[in-house]
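After this come two complexes, each holding subunit A, first together with subunit B and then together with subunit C.
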Partner chain A sequence: MIRTFMCLLKRELRVLFYTPLAYAVLFFFWLLSGLNFFWLLQQLADGERLTMALQLLFNGPLLTFSLPVVVPLVTMRLIAEERRLGTLEAVLTTPISEIQFVIAKFVSAFIFYLILWLPALIYCGVIHSLCLTQDVVFLDVGVLVASFTGVIVIGLFYNAVGLLMSAFTTNQVVAAIAGFAVLFGSLLLFMLMGYSTQYEVIRNLGQFFSTFTHMLDFSRGVIDSRVVLLYLGNCIWLIYTTIRILEWKRS
Partner chain B sequence: MIRVEAISKQFVDVQALHQVSFEVGANEVVGFLGPNGAGKTTLMRMLSGFLMPDEGSIEVAGFDSIMDSQEVKRRIGYLPEYCPLYPEMRVDEFLKYRAVIKGVLGRRIRDRLQTVKMQCGLEQVGRRIIGQLSKGYRQRIGLADALIHEPELLILDEPTVGLDPHQIRQVRSLIKELAKEHTVLISTHIMQEVDAVCERVLVIRSGEVVAANTVDGFRRDASLDRSVIIEIQCEASAFNTLIESVTWIDVVGVDVLTDDWLRLDLSLQEGYSAESVFVWAAESNLALRLLQTNESSLEEAFVAAMDGKAGS
Partner chain C sequence: MVNLHNDSNIGMEAELMRKGWKKWHQLHGMVNIGLAFILLLLLLVLSTRVVLRVDLNKASLYALSPRSHALLDQLERPIDLTVLFQEEHTLFEDLNNLLQEYQSASQMIRINWVDPVKDPAKTEFLAVAYELREAQVLVLDDGEQQRFIRAAEMMDVEPVDGADRYRMVGFRGEQMISTAITELIEGSRPKIYFLQGHGELSLSRDSGRRSISELRSMLHRRAIDAVSLTIRGNISIPDDADAVVVAGPTQQLSVGAVEALERYLNRSGRLLILQDAFRESGLEPMMRRWGIAVQSGIVMDPEKTLRGREVNVERFGEHPICRGLNSVVQLSLPSAILPASQRDAVEETDQYSVSPLLLSSDLSWLEVSVQSGVAFFNEINGDLRGPLPMGLAIERGAEQGLDVEIASSRLVVLGDSDFISNNHLMGANGDFFIRCTEWLVDRDQVIDMAPRMVSEVRLPLTPVTMRNLFCWLVVGLPLLVLICGVIMGWRRRC
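Showing the complex of A and B:
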């Protein structure tokens, strides 16, 4: 079973890196990461505290608002392409289960997502080495752990949304646009609700569901278990729904 | 090998299959014949486990297709219509990948890869990228994929569609070869294909099995063994004299060919066959260069079955 899963995962990763789009996405996201790092260094030079400046690496507006575009571009082909080529029929008539198939797709997209964040990790290493040479401030490990926790749980949720959108259609572009609409729409909606001054209920709801607020908290070193569970729970039901859609289309 | 009991399938407002039942024995080659939209592909997809029936049951090698779907899928090699493949993969890479997900164990993969490549004539293209290969090769890759895990049952949905005549001949001869060791189900709307490779035929029309018979049975029903075309060297007037004394031959049509040979369309009385015509021509000292059963009659028999005018 593990052997079959690894085989499926290996193919998914290969095909991800087979497309020029993957490299374009990597280039675009890494460029934004670089700009954020440049901005961070400028802030440090201006005398900003390291912990405050470090937020830029994970919660810079460039990254926050680019993720709803970047993730659906990666996930759009996952199931839509299989259905367009007709290979879904060939795959689902082998002894593998829909669960194995969908999880392999999801894990491959998530691994790609983690690769997107590699520069942030490298920049942390650079800052850490700078701190050691200057012998003045030390990198707060807690903030780093919390920030990466945020990156991981939000990534799980974003990729699960993209995967689900890809299961709805045979058209990759439609899947990408739908993914973008859901992610960007919810990001904006909850962020604006969180700033509502008139109704406290709306403000509280907005703040509870706002990815922007969550990432802000994570990058300040706050890990709220309710938020972690919210993202993990969402990820699980989205993957489950994707599996059910595949089963439903066969019934 | 296969037992299908009263399966039905409805797609929104279209009844794709209605109360279809049949059985297929081990090592049989059965053809599903029917016009486009008759429900052949839906039936194939159900047999392969891709679609679930709304009603009824499908049993393959004693396993229920819903309760024991994994066991059923292990025993089936399925070539879907239009032969879907991953165009970016190399042939060997694709077949190895398919072998792994079909549960072929590591040490067996290499052996199976060599065997199916040899069976399907793919030895020369193992390193080639699938997307760059011709339709004929891609069809063979699909067949190799269907065979890679040594299934007991092969389900081939329109295996020769889109191929040129030479490729059609190659695929048919490959299927005939495979039929020696596997149970084979073929769906097609090409009648010659059924005649060329199948032992038994199920005729499907509007989601129902309207006729089921062996190819020989269809031939008999259409009196095909008693409808013969011959070409002999003889003058028309001499032939008229000669045929007057033969009571068991009815001459349906006579053509005088450009080289003065006669092409005759004969209908034989019961108890007589093409061999009787051969013996008669030899005894009458007639030079005979063509003796064939009338293929158009088989086509007519199938068409009549599809129209619901015949069957058994």
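Showing the complex of A and C:
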């Protein structure tokens, strides 16, 4: 079972890195994260509070608003393309279960998502060495652990949303737009609810669901069980729904 | 024909059955998804009941101290925290983060955010209800009592070099909020009597330069009542006195008043004496008995003065009163308050401790002779070389081994009184005095909570370094990916 899964995963990753889109997405995101980091350096050259600088590193506006665009671009082809080419039916007639199939797709997209964040490690190293010359400890291990926990749980959720959208349709563009609409729409909606209203209930609700707020907390070193469970629970439910949809297709 | 007809009937029935089965299967799937969603909602609701929240940042500005957690566990009724702050305010983000920690730690904390600009109607309502005169204030209300914390009280600031602005160097949010919660839990307000009748500083607003009405307001905001006290004859200090302040008497106190104060102090009393230079208050013999010698003379500190009259104290002792104090206390022509070489009345068995509070610099001295008009260090005249204490805190406890706990006596003596008058209430003057009174009224745990230092990172990045970093990180890394993509595309085509 594991071997089958690994075969599927390898195939997915090979297909993923065989497409020019993957490189285009990587180029786009690394460029934005580079600009975000450069902006942070400029802030630090002028003098910036440590808390704010930490939040900018992992939750700068360029990163926050580019992720809902980037992730659906990666996940749009996962199932939609299989359905469009007609290979889904062929795969589903083999002994491969829907669970293996969906999880392999999801994990491959998630690995790509983690590769997107690789430069963050380089940025941390650069900024840490720059700060050490000033006898300032910019990043401690706790903050790094919390920040990457945030990156991981939010990534799990984003990829699960993209995967589900890809399972709904045969058209990759439609899947990408739907994923973008859900992720970007929810990001904006909850930000507006959480920060611009005076109504306490709406404000609390917005902040409870806002990815932006959660990432702010993670990037200053706070891990909250409610937030982690929110993303993990949603991710599991979305993957489960994707599996059920594939079961319908098979039936 | 008949067979064909039967076959088509069977085919149609099979098709109908297949469609029915498919619908049933879809319905089953949808029900499963719905049930899973309900399970998810239950999980989310449960997650709000049992919250595990950890702050892994060692230098966090917002992680609550164990003392605050213990305080929140004591809460028996909800506290409404109204945050009347604009989003643009420097403290807004810090308060938001800190209050999240309070809310996560206790369900008894209810937070209500009001932006004075966006919601003027509600602001007006709150201003009337709480008699507020300014925005950027935090109101804690437990239904019976209220406490108010102003923005300025929650932050330590310092001027930015070369710019006409200030930056925050310390955040006192937790200190102030936990203090206010402590006061709400305790319910009572300590009462401090200010002795009057011997030319002391007056609580009245009409006393001109000798007025300390501003300080009275500051004490009031910290839930401490300041009341005037006049001792006539041999009347003792009122029983409800949590502390007594003798603020710079210009005339000698009567024998009856001195005896009343000493009796009070010996009965686990709390006394704060502000003794100006070259003023005889009549309290000197009593202070000597408590191990304090007030030296005649003025502390001169050329390194810590601008006009010659004042001493800007930046050196503080190791005492709870001074912990976290990082601003300047400005004294005017202060006297030196030294520990006496011999203590007359203090027995060896007493738990006795004496701690310096304010210290002059190494280059300072005590000028004994001020007639000449020119101050310089002259050992022959009896001048003393610094550093010199200009304030002492003394605590004398009960004898050990007693089953009954008896509160200790506390005495604070400072070498100046003008620093708390309305005209001189600047820098950390007011804060320092309030810390003294809070120590006297047993609010040690509150003043002990040090402000969180706000670290600012400033990297000396040259244009060359910035250009290099831009080339490598902003251009180089994405370009590397692009080249990989082109190679992959070329190989694919080949």
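One rule holds for everything that comes next: the second predicted complex is superposed on the first by the 238 of 251 C-alpha atoms of A that agree within 3 Å, B and C clash if a C-alpha of one lies under 4 Å from a C-alpha of the other, contacts with A are read in each partner's own complex, and residues count from 1 in each chain.
The working rule: a residue touches a chain if its C-beta (ideal position, glycine included) is under 8 Å from a C-beta of that chain, and two chains touch if they have at least 3 such contacts.
All of these numbers come straight from a predicted model, not from anything done at the bench.
S.K.: After superposition on the shared chain, which partner residues are touched by A:Ile111: those of subunit B (first), subunit C (second), both, or neither?
M.R.: Neither partner.
S.K.: State whether A:Tyr18 touches subunit B only (first), subunit C only (second), both chains, or neither.
M.R.: both
S.K.: Count the residues of subunit A touched by subunit B and by subunit C, then name the partner with the higher count.
M.R.: Partner touching more subunit A residues in the overlay: C.
S.K.: Now for A:Leu8: first (subunit B), second (subunit C), both, or neither, which partner does it touch?
M.R.: first
S.K.: Is A:Ile99 in contact with subunit B, with subunit C, with both, or with neither (first, second, both, neither)?
M.R.: It touches nothing on subunit B or subunit C.
S.K.: With the two structures laid over each other on chain A, which partner does A:Leu85 touch: subunit B (first), subunit C (second), both, or neither?
M.R.: In the superposition, A:Leu85 touches subunit B alone.
S.K.: Tell me which partner A:Leu188 touches in the superposition: subunit B (first), subunit C (second), both or neither.
M.R.: Once the two structures are laid over each other on A, A:Leu188 reaches no partner at all.
S.K.: Quick check on the superposed pair: does A:Asp140 touch subunit B, subunit C, both, or neither? Answer first, second, both or neither.
M.R.: second
S.K.: Just which bits of subunit A does subunit B share with subunit C as contact spots?
M.R.: The answer is residues 18, 251 of subunit A.
S.K.: Going by the contact rule set out above, which residues of subunit C touch subunit A in the complex?
M.R.: The touching residues are 21-22, 25-26, 29, 32-33, 36-37, 40, 43-44, 47-48, 50-62, 87, 93-94, 97, 100, 104, 111-115, 118-119, 122, 168, 454-461, 466, 469-470, 473-475, 477-478, 481-482, 484-485, 488-489, 492.
S.K.: Contact residues on subunit A for subunit B in the complex?
M.R.: 3-4, 7-8, 11, 15, 18, 85-87, 89-97, 250-251
S.K.: Applying the document's contact rule, which stretches of subunit A touch subunit C when the two form their complex?
M.R.: Checking each residue of subunit A against subunit C gives 17-18, 20, 22-24, 26-28, 30-31, 34-35, 37-38, 41-42, 44-54, 119, 122-123, 126, 130-131, 134, 136-138, 140-143, 145-146, 195, 198, 200, 203, 217, 220-226, 229-230, 233-234, 236-237, 240-241, 244-245, 247-248, 251.
S.K.: Tell me, which parts of subunit B touch subunit A in their complex?
M.R.: 45, 48-52, 70, 73-74, 76, 78, 80, 82, 84-89, 97-98, 100-103, 145
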